[in-house]
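Okay, so subunit A shows up in both of these, paired with subunit B first and subunit C after.
Here is the complex of A and B:
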């Protein structure tokens, strides 16, 4: 009869104790699992999000938040120079403009207008219907998908939510002007023809995003500088890699800031993400301590209830090693069963918590706080294994150092 | 052949109110096949002496040898091994593992001794038949009567064919009729060659032994 078999039988015999212990471990371990998902979730999600744009290098005029950055001047020339580098496959110029949209019923809403250079099939959005902006839109604005499109209007790919809220579809016309709500302006509303509806990766909850060509972005107002970019996105050639492209661009324009996606993620990890890592470390350590205390308490109570039985086992020649093995297996069973239940429980909890946290204003909708990765499951299992062993140490010590004769005297006297 | 040879065994328990001498200078020998009963009033040191003879406790002074080996010089692992292979224990409260069936309780010490599965099965079946519980093999202790539990405990004690069977008040929790059945089983075990030392308050049970010792205040005195 192995230690595992004895532990299994003990767990089956004391059903209530086992059920309570497993339930307790499952709940605590679910929280611990969530902390593991949180510890890297935002980072993984952020990396996925910036990778999904299809560009692996970013060129900016300065460091800091996108809204506070100095624009890159002479963007078109810079894009051409970068495009000629042997390490580079594709280049896109991107401008962000706050703008106002006026619906057919007169309602006005703020939108985020993204101007991007033509010729690229990549982008931070996934087209749902209609067609995407392409090189034809930059050169020939008469290209249209249906007869309703105004031939002179710049094209626009709009977010799904804007389409739904304002009843817009490919072929509709948008009336947009530069500015923010409440600001008095003499700038006229311009017409943009909707050519497609898409999901935007970087779009925050409650935000409306409209993508257009650089020409469409420049057309917004007279005050708009013509040849500036907030960011120049670069796709490196696969055989060269992003590091080589970063080095080549930095040599070409040492006055600009050039980052690979990996560097952006690392920067994010060092600065914006440190809080989440620290919180998850503190909470996961706390939950692990709770698990140890719970299992250690239950096992200690269980051992104390069975002192006579354990002393008798030792008296009939069952070795200390075997008794210790039995208790370690008992601990492993409680923690293992609880830990297994914790996975789906923690997963469901993570979905709910993620849903709540993603409602925070200003966060891209595609960004997740809790992201599942196999590494988290491995770490969860390793943490639980260590927890099971640590929790069993004290009860095992009681059992193996038990004075057999004195315990039997006590048990018979009681 | 002498199985146990005890010389001037003393066991003193340090207590806050002063040390208690539970066993005082006890010397005795137990030969193979012998049947010894120790009687005496409560607290006279019977159980303590039994625990010393069974290597579960160590004497404060004196010497004890088991089959020629000086117990005082053996490690805990070696003493555990002697208890497993050479000594069988029967307790007043049976101390069967409640989550194991009668069969599994008898199998447990054999598994610990690494007896091959086939031999283990044969021995367990043989012992269950020996104690008259073949049909109760798959019952848990909670499904057995007191007498049946004690018979399973005796079978467990005999599992590894010990040279010496030690029993501490084996009929203490049984009624007279069941106690008589257990006593008869001890007779049979002894007839089959196993030495027995039992501690009891039960006069008729003690009377069945070939050697009767009486303890008083930790000392063995003439009966």
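Here is the complex of A and C:
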């Protein structure tokens, strides 16, 4: 009889304890699997999110948090200069403004107004209904703002949540003014034509985003300087690559800060992501040690309970190798079954934990902390295999070194 | 120092020994330097430094290092190098004001206010917004919901809950094995007239004791580990921030949770023994 067959019979004989041990391993291994997903999840999600905008190079006026950055002056001319570089395929100027929307009930709600240069086929959003902002919308409409309800009002692509909460559809009119809640302002509300409804990649939970043309953003008036950008987005030509585009732009304007998406992700990995990388490392190590200790304890108690039985097996000629194999298989069955159950269980748990963490203020809705990747499953399997072997070491030592005659006399005789 | 303001970005810093400085520089305005900046720039208390708001060092000013300070630990900045200096507000304004803009000499970034009654924070914020266009007052107290640290606390509580469920399953398995070990003995006790109740109570007490002992061991392990974890991360990030703290409330919570876990596992173990007839327990 093989070690596996002996282990299977032992598991079948002690169903309750096997089931409980497998359940325990499954729960702890699920947590361990989740920590592996967390170890790179935010990074993968962040990289996907910034890549989804379709631009692979960013030009800013300074480093630091977006809210504290120095704007890029002379953005229109800069965009033209960058567009002429042979490494560059497309350029978009982006300006972010806090603004207030007047709802039908008269109350004011804060929105994030994103002004972007027209003509670009890319953006940080996916259109759901209506049409996107294009070169037709880029003409200077600021002169016609006074005629609030006219067709010359700046176009706006609004987030799906805003459309749902305020009953807006393409063709509706938005009333917007510059400012933040709590501020007194004498600025008038301006009208924007809703031309489309979209999902915005960078939108935080509870935030309302409205995209318009640069002219539409400038039209808000006070505090909106004419030719400044918060960021200039650049798409490199595929044959040139982002590194070549970064180098070319840096040569063109050494006073600005130019980053490829990979560099942005690397910065994020060093700074913003450090906490979650460390907590995942600490918790995955803790859970692995916890699993080893508990499986080793269960196997040791189980072996101590079966000393007479093991001595009898040895006495009838079953070799030490077979007995060791049986205990290794027992450990492998507990850890293997628990580990297999841990995958779907961990997936479900990850959804719950992700839901908790995504309630952080200001976090883009499309950012996730737990992201599945095959590498995590391979690591999970390797960790569990190591756990199974290490947990079996001490019980195996007890079983293979026990004195057969003395043990049988003590255990079976009593 | 009375009114001080944090100089967020120190762009230029040069040092000269006090002994070699001209006499006029001994009257240079004083500045406090963060411990990290003092160490990285190889400075010492009494040194004269040149501070400027631009890389070229134009419009800079000479300051004498009056002391060194430890920056207030800030969880939001734990992985940021705290290269900071604290100046008297008039000195900072002189250093950073734009000569072409007279208003810049009258501007500050933030005014910290301590209210007589903290409960008035919202009313005060409304008053400020009503009286001054463009001025926003925000309370520094943590918000009840959606706050970063509230979210992280919930995340840790969720992980602790999952760990507890896993531990309960393991303890249950252990108690069942222990019950199986004592099957013969319990069978004999039942046959000589010891009541079910007495046996259940004994197993329940054992479950509670095992759970409590585990919780106490866990608390002691955490208390010992917190020193190592804090020292490691404080050295890693060069901060005095406390990363792990085993508080009285955490200890109480651990012990209170261990109690029902012990009762449940003990009850389950007792049930596996006492559902059988006494004779079957001694294999008759």
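Assorted remarks:
Criterion: the second predicted complex is superposed on the first by the 398 of 414 C-alpha atoms of A that agree within 3 Å, B and C clash if a C-alpha of one lies under 4 Å from a C-alpha of the other, contacts with A are read in each partner's own complex, and residues count from 1 in each chain.
Assume a residue touches a chain if its C-beta (ideal position, glycine included) is under 8 Å from a C-beta of that chain, and two chains touch if they have at least 3 such contacts.
Keep in mind that what you see is a predicted model, and the values were worked out from it rather than measured.
Taking subunit B and subunit C in turn and counting the residues of subunit A each one touches, the greater count comes from C. Legend: residue contacts after superposition of the two complexes on their common chain; A:298 is shown touching subunit C, with no touch to subunit B.
Using the contact criterion defined above for the overlaid structures, shared-chain residue A:322 touches subunit B, although it does not reach subunit C. After overlaying the two complexes on the shared chain, residue contacts for A:28 are found with subunit C alone; subunit B is out of touch. When the shared chain is aligned, subunit B comes close enough to touch A:411, but subunit C does not. When the two structures are aligned on the shared chain, A:314 is found in touch with subunit B, with no touch to subunit C. In the superposition on chain A, contact is made by A:12 with subunit B only, not with subunit C.
Contacts of A:356 after superposition: subunit C is touched, whereas subunit B is not reached.
Of the two partner chains placed around the shared chain by superposition, neither subunit B nor subunit C is touched by A:106. On the subunit A side of its complex with subunit C, the touching residues are 14, 16-17, 20-21, 23-24, 27-28, 30-31, 180, 182-185, 270-271, 274-275, 278, 282-283, 287, 290, 294, 297-298, 301-302, 305, 349, 352-353, 356-357, 359-361. The touching residues of subunit C, when paired with subunit A in their complex, are 78-80, 125-126, 129-130, 132-137, 146-148, 151, 154-155, 158-159, 162-163, 165-167, 169-170, 172-174, 176-178, 180-181, 229, 233, 272.
Every residue of subunit A that touches subunit B in the complex is listed here, in rising order: 1, 6, 9-10, 12-13, 308-309, 312-320, 322, 404-405, 408-409, 411-412.
Interface of subunit B with subunit A (complex): residues 47-48, 51, 54, 56-57, 76-77, 80-85, 87-89, 91-93, 95, 97-100, 104, 107-109, 111-113, 156-157, 160, 168.
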